[in-house]
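Everything below concerns the one structure shown next.
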Amino acid sequence: MVGGGPGAFIGAVHRMAAALDGEYELVAGAFSSDPSKSAQTGGALGLDPSRVYDSYQRMAEGEASLPPDERLEIVSVVTPNHLHHPVAKSFLEAGFHVVCDKPLTNTVEDAEELCRLAAGGKLVFAVTYNYTAYPMVKEARARVLAGELGSLRKVVVEYSQGWLRTLLEAEGQKQAEWRGDPTRAGASSALGDIGSHAHDLLRYVTGLETVRLFADLGTVVAGRRLEDDATVLLELDGGTRGVLLTSQISTGERNHLRLRVYGSEAALDWCQEQPDRLRLVAPDGTETILHRGGSSLSEAASSATRLPGGHPEGFIEAFANVYRSVARAVRGGQSGQTHDFPTVQDGARGVHFIHRAVESHRGGGWVDAAYTPPPGGAR
Amino acid sequence: MVGGGPGAFIGAVHRMAAALDGEYELVAGAFSSDPSKSAQTGGALGLDPSRVYDSYQRMAEGEASLPPDERLEIVSVVTPNHLHHPVAKSFLEAGFHVVCDKPLTNTVEDAEELCRLAAGGKLVFAVTYNYTAYPMVKEARARVLAGELGSLRKVVVEYSQGWLRTLLEAEGQKQAEWRGDPTRAGASSALGDIGSHAHDLLRYVTGLETVRLFADLGTVVAGRRLEDDATVLLELDGGTRGVLLTSQISTGERNHLRLRVYGSEAALDWCQEQPDRLRLVAPDGTETILHRGGSSLSEAASSATRLPGGHPEGFIEAFANVYRSVARAVRGGQSGQTHDFPTVQDGARGVHFIHRAVESHRGGGWVDAAYTPPPGGAR
Amino acid sequence: MVGGGPGAFIGAVHRMAAALDGEYELVAGAFSSDPSKSAQTGGALGLDPSRVYDSYQRMAEGEASLPPDERLEIVSVVTPNHLHHPVAKSFLEAGFHVVCDKPLTNTVEDAEELCRLAAGGKLVFAVTYNYTAYPMVKEARARVLAGELGSLRKVVVEYSQGWLRTLLEAEGQKQAEWRGDPTRAGASSALGDIGSHAHDLLRYVTGLETVRLFADLGTVVAGRRLEDDATVLLELDGGTRGVLLTSQISTGERNHLRLRVYGSEAALDWCQEQPDRLRLVAPDGTETILHRGGSSLSEAASSATRLPGGHPEGFIEAFANVYRSVARAVRGGQSGQTHDFPTVQDGARGVHFIHRAVESHRGGGWVDAAYTPPPGGAR
Amino acid sequence: MVGGGPGAFIGAVHRMAAALDGEYELVAGAFSSDPSKSAQTGGALGLDPSRVYDSYQRMAEGEASLPPDERLEIVSVVTPNHLHHPVAKSFLEAGFHVVCDKPLTNTVEDAEELCRLAAGGKLVFAVTYNYTAYPMVKEARARVLAGELGSLRKVVVEYSQGWLRTLLEAEGQKQAEWRGDPTRAGASSALGDIGSHAHDLLRYVTGLETVRLFADLGTVVAGRRLEDDATVLLELDGGTRGVLLTSQISTGERNHLRLRVYGSEAALDWCQEQPDRLRLVAPDGTETILHRGGSSLSEAASSATRLPGGHPEGFIEAFANVYRSVARAVRGGQSGQTHDFPTVQDGARGVHFIHRAVESHRGGGWVDAAYTPPPGGAR
């Protein structure tokens, strides 16, 4: 693991997600750019001190120098955004598989480079767009693919939070601090941090890509250097209309990621804060609420679940689904099977989307947004 | 009553709303442009045949010719949109108070003429933006005015329906037929029919007007002549950000009007399909759900309620609040009191908003939307 | 109308419910045992003073003495419980149809006498178990009758309120005062006032009667003279298990009437505070939520609705359904049709149930509860 | 681990719960009474074959014979009910700490013996009443203890499932098969399997014990040998009224465990299927919905949470809280601190409750239910 030292949030999530199914063992880490903090975290996690590194460069080198059956197999990159590219590049070049947080990189060029490196090395590269790993999101995708909604007409996706309603980055809060700094967060805050999840969720469930977009970005909290609220109007493949709302200043919203898809024959509605449910709506308004664990669910949903219905699964379990699917891809045991996790190409699409939205906002008009990333890694 | 003959929907609602509190008696009508249908409806309602008219013109004349204590006091205009202006104008000119359905008129000029006529005659003129008459909408407004949300930062208002997901207007459905015809519905379908309610609700609760807007209108169902889906981005007074979504093709949505207001200190959320509730949200996500009939509600909400909490009130009761408030204004008994109903000026603002949105869409860019209508009628 | 003077709650509900559809006109009343209050209410309602009476006896006599086409057709009895019997009896003997609040009477003998009088006079007699008049309750009944739930196995019905969590009757609150007085409320408070609604709702939806019961009554608030909380275990026809919970001291509950029916093939769930919905549940937990106005609903539900889906209907509309159905029965126009309102026999069954529950509690054991009331009135 | 072989459900839950926080390592097991199945499970879990045992007796002996720093520290007992006692007894006698599934034993005598053995050996003994480990249940308890509800007046607790609506035990379903067999499940099915969770949840949140009870047990599905539905009326300490409903034949219910507590000043409501929420209700019906992760929560709730609000936690996380708390007790590092997990005494209380309910049902009347178990183990 690179990143995930003291004060980090997502590193611990990655560790719990990897531990849940007993398919991973944490063996090495460069947990912080501060060597003493890295050592502190490594110690707390019970690692062999010889495999707790001062920097990601030394870790890539050090692990690569170990005998093949002793070195790490895969690295988790859980640093601030600007380090995703150099860290992932180092490990790819050293021949390791990668799990990387989103957004993949801060520029499209960097993202494309990672695609090429993964493809060249035939390495697995997953981007933790973890929300698509919820069983009922997989069910939603299966229902759309099966044609249950008819032709898709309108999509509304929203990802709203309220935790940045004050200038938290000025108060020393670590999570807010780097997210509000363009040199580390990149060209965007709200869009990059959470809007990219919404964009990926929309793509995953509908199978549609964005053709054109119009974006309106706003910085609501005085003193902030990046946008903290954005609305993006989308023209999707085939003319399907889309609206993406994202915000970090929507006071009181905890982690409100919701997707609604309206088709000619039915609609669906999924909300991350009640992830075990999927709502389908018939033209006359009759609702069918499917629950994780139900007997009529798709193979995709059923195989992503661990407990019977009524025994709630949550964020960690979904995150663990990414890790479990990646483990299977790395082992390659089920040859010929396509594994279900977000790839480096999905990551590149997300980076491209963020950049086109920023450009639309600057120009005040619609912009083209069609894009095809280079081929990516093993799957 | 003018309009409200066989096959109409809203006419019956007006009649039930007026009857509920015993403050109105239906005494005359021109229920259809087809005299036999008008007579049929008048008969079914038990009216004196001499006061069931063949046309609104004859009704305005006929009633004006009766002795003051026998003639009608106020007329309800429940026709298709294009007739609102000529009908209302006729009755205003004959000295009658008016309750008129929305959108007020099909042009801004017509709307302004009605403002001037009402003002000149010191007549009461209400527009049935009925959704602002729900008690918990009044509570929302009171809380915003009292500063409980802090400064307002973002508003999301949505009014989605799915009933026009097919080309219903080609199948002879009366409600769909005139709404899809530009010569009767006006320049807009979704925005005019329901978007204008969303716009009025936003204005009522927040007290904010639109300064600039960007609109994206779409016609999703092939063969339709007006837009059936629209998203409008709003810049409100003081820079508050707004998003208005409206749709008639959102399959499965019945009558989904929902308003969320995010302030610096708290947020509120009201949904028309559960009208007796108002949700307030604190920065840490703790929700407070206020219910109609609660002991801590504002005078505005309490005086708009008829039943104790837990005894659901609905659409007709809210509609009846408009009628009850208008009755009090007509009687003028509580002199000095400002009555709480949507006025002809609110109606003119709605018409202006629709037209600016259409213009933004045609131009593909932001347009100014500031507007002040002429003075209106008695209140 | 008899009762419904100053300070009353249910009288105004009856008046609004009767007014809604334009099928009733209020022409006479004895609104209070205090003649000046009766006159005051009559005046406020705009009645002819000659038809505002000092007592129900004088009203029955006075109206009976009018020519048939001038006298009232039907009387609404909205007094405290102990007066239901003498008032209803007077009007039945004078040949008038009756709408009476629940519980019907304070003794089984009195209830049976009213059955016989209504039957003898071929008069319509409705008891305002208003909750069974909600469209989605009618839908629930239709689904059960159609066998969608399979054989019925368990029923849980709950009616909880919290308004008597303090000794409100000692504070001069009129509604609490008579309900807490055994000489007026009868042998029971919670069971009589609201438990009887729960019992009737269970009967209406399932079609099952109680064979045996065990009741546990409690008086939670010190100083109260009747029970304010009760649980009744039921053995229903065919061995179906039932639980009835009722309470007036469940702090924070507004008007929580909820029915769940579990069958061998599916379950249903209806809650009065969201009356436009009916939840059906499949064995694997998949929920189907039907909404009033949906296209697949039964004739019974559809004919009891006034507005399209998404336009909420509430308590008054359901109450008005009782009045509308009674009006049709009185007019007899649709001969051969069975009208759908709760009858004097339903009222008698409710009174019997209350008394058996009180006896079970006193004895501390199960008691037989099978019962068939005498034939009732016209329908 | 003892039990948890092929086809088992709860064994895997225990393993994931123990793995989540990295505080446990699975080192030995007797996973099935069938040696080949035990070996198969041990192999799949990557255990050293020398520590995969044919029987729990051999495991207890074998592990005890290892050097202290190599043997297991604590055993998880996840067998069918009738084996809880002999297995736990063996390991206690061998000096090991124990985590045991519920119900603790099939007789009160056996439960008391385990209490004494744990006390004698100063061993930690936890019973996985896992539902009390949810953060918002801890919050509920904290609020009750702080007096926010005033004096407690009524408690309604329900645990309903529908999975046994058919005679599943006759179809070879392993989970159903032993639960329906009195020689393995004990004197009760619904009460023992899930009603005991409801009873423990009530005790944990309210701090109240049962003084008297009346139980009505029913066997709804023909051919079943134990009850599959039960209602128990409770008199709690100080006269608080309680109702406990439990069922395995409530078609469509997945895992519906819900607790409502009504106090003199407020009420609370928690439902296991939405475990991150806690609803508080004021006398006027105003609801406050607290969410896990909120800033105003108690230390007990906050320390039991791993993720920020809006990132759902579920069943496994709550289960893991038991394991984490037990680990801390075993290590004893935080001396003087009372650890928050259900003890062997809580288990004994549950067994006693089940037995008294069965006796009440047999006698058809109320029975005394006061009980104090012997002192238990280390905490």
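We just call them A, B, C and D in the order they show up, numbering each chain from 1.
To be clear about the criterion, a residue touches a chain if its C-beta (ideal position, glycine included) is under 8 Å from a C-beta of that chain, and two chains touch if they have at least 3 such contacts.
Keep in mind the model is a prediction, meaning the values are calculated, not measured.
Ranking A-D and A-C by contacting C-beta pairs places A-D first.
Ranking all chains by how far their C-alpha centres lie from the centre of subunit B, first place goes to D.
Here the CA centre of subunit A is 43 Å from the CA centre of subunit B.
Here the spacing of subunit A and subunit C, counted between their Cα centres, is 56 Å. Computed from the mean C-alpha positions, the centre of subunit A lies at a distance of 36 Å from the centre of subunit D.
Looking at subunit D, one finds that residues 253-254, 283-285, 287, 291, 293, 309-310 touch two or more other chains.
By the touch criterion given at the top, residues 149, 153-154, 156, 162, 165, 214, 216, 218, 220, 229, 231, 233, 241, 243, 245, 247, 249-254, 260, 262-267, 281-285, 287, 364-366 of subunit C touch subunit D in their complex.
Those residues of subunit B that touch subunit C in the complex are listed here as 9, 12-13, 15-16, 19-22, 45-46, 161, 253-256, 272-275, 291, 293, 306-317. On the side of subunit D, the complex with subunit B involves touching residues 283-291, 293-296, 309-310.
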